[in-house]
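What follows is a set of structures to go through.
What follows is chain A paired twice: with chain B in the first complex and chain C in the second.
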Partner chain A sequence: MAEFDVGRHGVGSVSVLDVKGFLDAHTAPELENAFNGLINDKQYKVVVNFSNLQYISSAGLGVFMAYVETMRENNGDIKFCGLKDDVYNIFDLLGFPLLYEFYKVEKEAIEKFNQG
Partner chain B sequence: MKAKILEVSHSKKLENAIFISVLLFIYKIVFPINETVVYLIINEIFIFLSVFAWVRYVSEFINPKLSKPLSLVVNTGILNALVFFIISISSWLFSETQNSITNTNIIYVLFSTLIVFVFIGSLAYIFSVYKNLCFHRQKKDPSIYFNTMVVFFLLTSVSASFLNPNTSVNNLEVLLDSGNDFIYNALYVVTIVLIFGNSLRVAWIAFLNKKQKLALLAISIVLSVLSWINFSTLFSEEFFLIRNFSPALEQLLSFVMVYGAIYFTVIFFTTLFHLPTAEAIDRKSQELTSVKDLSKLMNQVFDFEELSDTITSTTIKVSNSDSAWIVINEHNKINLHSIVGLGIIDANLISEFLIRNNLLSDSEVKVTDLTIFDKKYKLPKSIKSLVSAPLSVHNNNKGFLFAARKTSRIFEEEDSKPVGTFAGFAAVALENAKLLEESIEKERLEKELDVAREVQYKILPQKNPNYQKFDITSLFIPAFEVGGDYYDFFVIDDSRLGIVIADVSGKGIEAAFIMAEVKGIFATLSKLFDKPKDVLIRANSVLEESISKKSFVTAIYGVIDIKKETFKFARAGHSPLLYFSNNKIERLIPMGIGLGLDYTDKFRNTLKEMEIKLNNNDIITLFTDGINESLNAELEEFGYSRIEEIIKKNSELTVEELSNNIMKSVSTFSQNSSQHDDITLVLLKWKSHNNSKGEN
Partner chain C sequence: MTKTSKNIRKKLTVNSTTNNLSTIRDFVKKLSSQVGFDEETVNKIVLATDEACTNIIKHAYKYSESGKININVSYRDKKFSVSITDQGTHFNSKSIKEPDLKKYYEEKRIGGLGMFLMKKIMDEVKYSQTATQKNKVTLIKYLQ
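And now, the complex of A and B:
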C-alpha cells in the first residue's frame, strides 16, 4: 500500500529530511519521529526535500505545522524544496508559501540558512 | 450372527448364566454321583456351559475397568486367596470323606455344590481378567493364540474327565486303558506351552506410572506364589472335592492357576526391568498430558493471568523445579506474572539482574547457575540455579519464563526442555490476549466512528434553501472513515444568504468535533459581520483556542445578495470556486491562508475578498478535495478540469442533473479504488429573468 520513507542527512549546520512516497495520516507518525529526532539532537535548521514525494494529505501537512514553531523559537526554520507541481499546488492552495519558504533545489534552501 | 450375540444385554447374559447354574444345581441334587459315562458327560456339559456363561457375563464388567489394570489384578488376587482359603477349609473339613466318591450325604452334596459354584465364579472372573489383560494395549490381535489356548484347555479338560486315570472317576475305569493315557499327556504339554506363549503379552505394564509399577511388583510376586500353591493343592492326591464333582472343572481350574502363576512371574520380571525407566516415562507422559491440557485451556481461556498461572504451576511439576514465574518486557520495563514458590521481591531481583546483564538468550532455553553471582551481586541465596526460556512471537521477544531450583541440583536437558515448550504456550497466550485487546479497541474505534458519522450528519443542513432567483443543490457522500467535510446555509436577512463550505483536516472523531465547532462559529459570525473576509478573520482567531497545532480548516464563505445580484466571498485555503458564465468557466482562487495555519496579522493582511456579478444561467460550483483528489486505478487524480468540462458541456441542465453527472463521472473514474475522503458538492444556478414578476 501507501509506502513512505524519510531519510536524514546533515549539510553543515542544516539537517535535510528526504521524504519519499505517500505522506498521509498513516505514515505521518514516521515523519513526526524524524522531527522528534531532530529536536532531540537540537537540530533546528531543517530543509525538507520533496523530490521523491508522490502525495501529501492534510494530516501530512499538519506535521510541519506542529513543528515549525519549535524550530523558529530556536533560531531555526523548516524550509521546503524540490516539490513536484501537484504537491506544490496543495501547499499553494492552503497558503503555505505565505508562511514558509519554498525553493526549487536543496542547495538553495541550505544556502538561505547559511546566509542568515 | 456374531453381532447378534454381542447385542445380548447384560441382564440377558446374567439370566443365561443363572439358568444354567440352576440346571446344574438341580442335576447335582438328583444325581450326586457320576455313576455312568452318560451321567458324567451331562455333568461336564453343564459345567462347561455354566463356566462359559459366567465368563461371558463377567467379561462385560471387566472391559470398562481396563483403564485401571491394577485394580483388576488386585481383584484376581482376592479371588485367588478365596480359592486358597476354601481349598484349605474344605480339605480340613472333609478329610475323612475324601475317598467317599459314593458319599451321598446331603450336607456334603450341598456344600460341595456350593463350593463348586464359588469356584466357577472365581474361575470365570480370574479367567476374564487374564484374557482382557492379555488383549490390553496389544498392537496385533492376539486372539488366535489365546483362542487356541482356550481350545486346548477344553480338550485337555475333557480328556482329563475320561482318559486320565489319576483324575477320572474310579468306576469309569472301563474307558481307560494305558493306551489312552498318552493323549491326555500330549494335550497337557501343548497346553502348558501355549500358556507360556500367551503369558508374554504384558504390553500394558509399560503404560503404568512408577507408583503403579512398584505396587504391581509386590502384587505380582504374591499372586504368582498364591497361584502356584493353589495349583499344587488342587493337584494333590488329598483334595478330592472338585475332582469328585467334575474332573474337567478341576483341570480347567488348575490350568487357570498355572496360567496365573506363569503370567504373574513374567509380569514380576517385566515390571522389575521396567522400573529404572519408569520415572523418565512418567515425566514424559506428564509433560504430554500437561501440554494437552494446556492447549485445550488455550482455546477456552483468553485471560492471560489465568493462563499464565497454569503455565507456571505446570512448569514446576514438569521440570522438577521449586519456583517459576513469567516476566513480560514492556516499554523497557519488566512486569512479573504468576510467581509460584518465590517472593516477588526475590523474583524481581533475579529477573532484573539477568536481563540487565544480558545473561538470557532471546532465542533458546538457557540454564544459569546463580551460585556464581549471588555473593557479588547480593542476589537472594535461596535460588541456586534456573532455566530461562524466551517468550517469542514471530521472532519478537516479549519476555521470559523462568523455572528455578532451590537445591544445587543442576537442570538436565530433559528438565529444561519442557520449560521451552511452556514458554511457547505463554507466548501464544500473551499474543492472544493482545489480539483480543486489539479487537476490543477496534470495536471501540468503530463505535467512535459511528458517533462521528452521526455528529456529521446532524451538523449538515437537512434541506436545501428555496429561492426564486436561483436553484441550489448540495450533495454529501461520506467516506468509510469520517472526514471533516462541512457545508451550510445561513439566512442573514430577506435578501441575503450566507453559504459556507469547509474541510477540516484529519479524520475521525476529532475532525467531527472541530466540524461541530466550525458550524457554531459560522452560524454566529454570519449574523455579526457582513463582509465574508471579516467572518473568516474572526473564525481564524476563534479557532486558535480550540484546535491543535496540527489541525487546520479550509473554507470558502460567501454571501449571495439577491437585490444586488452578487456573490461576495473569501477563501481560506480551500479548493477553487468554479464560476461558469457566458459559456466560460473560471477557477476563482482569491488569496487566503487556511484557518488555523497562522494567527498573526499575516492571515488578515493576505486574505482577499472577491465579488461576482450574477447573470442568468451563471453557475457557481463549490466542492471539497474529495472530488478532485479521487484516484483511478493508475493513481491519477480526477482534477479540476474534468469537473469544468462537465459543467461547460451541460450548462443547460438543472443543478440536480449537473450534480448527478459530476458524481457519475467521478464514480466511473475511480471505479476500482475506494473513496478515501468525504465528497461534498454544492451547485448554484442563477435565474434572473424569473424575477421579472417576483417581488422577494
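And now, the complex of A and C:
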C-alpha cells in the first residue's frame, strides 16, 4: 500500500501543508481532509510543500483544483513550493503554472502572501 | 548504444481497488527498468499505468472492488507495451476531449486529466474492445 502523509503547521497567517510520499487516487482523500480542516478553521492562505513528495497522479492534482477557488474567494490562495523536477513536470504538462504560483522554497511562498 | 534486453511477457491480475495502485506501479516500474528505460521514462510509464487503472476503478467498475484488472506487460523489438483489460462498463474514449485547464477551473471539473496525461507521456495509447467484451487500453513506449 502506498504511503502518504500530510502535516500542517502555521507560519503567521499562512498555513503550510507538508505532503510526503505517494499521492494517488488511494491517498488523495487524506489531502482532501486536510483542506477541509483548513476551511473549517478559516485558514485560506495555503502553501503546499512538496519537498518530501515522491509521486503524484492526476487524482492528487485534482484536489488542488477542487479547493483553490474556495481559498481565492476568501482572499487566500494555494501556492506550491519545493517540487522535484519530475513532480513539477506533471503540473507543467497540465498547464498548472498558468493558474498557480510555484516557488523553490517555502519561505519565498510565505513571503509572497505577506507582501500581498 | 542501448542495452540489449530479453523479451518479456508478464501478467498481473488485481482486484479493482485504489489500494492496489501501488502494487500495479511497482510491477510496471520493475519491468520497465529491467529493459533499460531511464528513470524519467520509467516514471512516465508508471504514471500512465496508474492513470489507466484509476480510470478503470472509478469509471468502469465504479469503485466496486470485486472487478478484476488484468495488466499484461510485453517487451519485444524495443517496444514496451502495457495492455490493461477490464470487464466493467465500456466508455467511449473519443468523448473525452483535451482539457483546457482554465475552463476546468471555471467549471470546477476535475475528471479527464488522467487520459490527457497518458496521451502526453506515452508514445501511443490505444483503446479497444476485445471479442470477449472486455475493455482494453494499451500503452506503448519505444526504447530509444
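The rule is short, and it goes like this: the second predicted complex is superposed on the first by the 116 of 116 C-alpha atoms of A that agree within 3 Å, B and C clash if a C-alpha of one lies under 4 Å from a C-alpha of the other, contacts with A are read in each partner's own complex, and residues count from 1 in each chain.
To be clear about the criterion, a residue touches a chain if its C-beta (ideal position, glycine included) is under 8 Å from a C-beta of that chain, and two chains touch if they have at least 3 such contacts.
Since the model is a prediction, treat every value here as computed from it, not as a measurement.
S.K.: Have a look at where A:His26 lands relative to chain B and chain C in the superposition and call it first, second, both or neither.
M.R.: In the superposition, A:His26 contacts chain C only.
S.K.: Quick check for you: in the superposed arrangement, does A:Leu61 touch first (chain B), second (chain C), both or neither?
M.R.: Once the two structures are laid over each other on A, A:Leu61 reaches both partners.
S.K.: Which partner does A:Ser51 contact after superposing on A: first (chain B), second (chain C), both, neither?
M.R.: neither
S.K.: Tell me which partner touches more residues of chain A in the superposed arrangement, chain B or chain C.
M.R.: C
S.K.: Just which bits of chain A does chain B share with chain C as contact spots?
M.R.: 25, 58-59, 61-62, 65-66, 69, 86, 93-96, 98-99
S.K.: Any idea which chain C residues touch chain A in the complex?
M.R.: 18-19, 21-22, 25, 40, 43, 47, 50-51, 54, 57-58, 99, 101-102, 104-105, 108, 110-111, 113-114, 116-117, 120-121
S.K.: Which positions of chain A touch chain C when the two form their complex?
M.R.: Answer in residue numbers: 1-2, 22, 24-26, 55, 57-59, 61-62, 65-66, 68-69, 86, 90, 93-96, 98-99.
S.K.: Sort out for me which residues of chain A touch chain B in the complex.
M.R.: These residues of chain A touch chain B: 25, 58-59, 61-63, 65-66, 69, 86, 93-96, 98-99.
S.K.: If we count contacts the way the header does, which residues on chain B are in touch with chain A in the complex?
M.R.: It is residues 503, 505-507, 548-552, 554, 572-576, 589, 591-594, 597-598, 602, 606, 637 of chain B that touch chain A.
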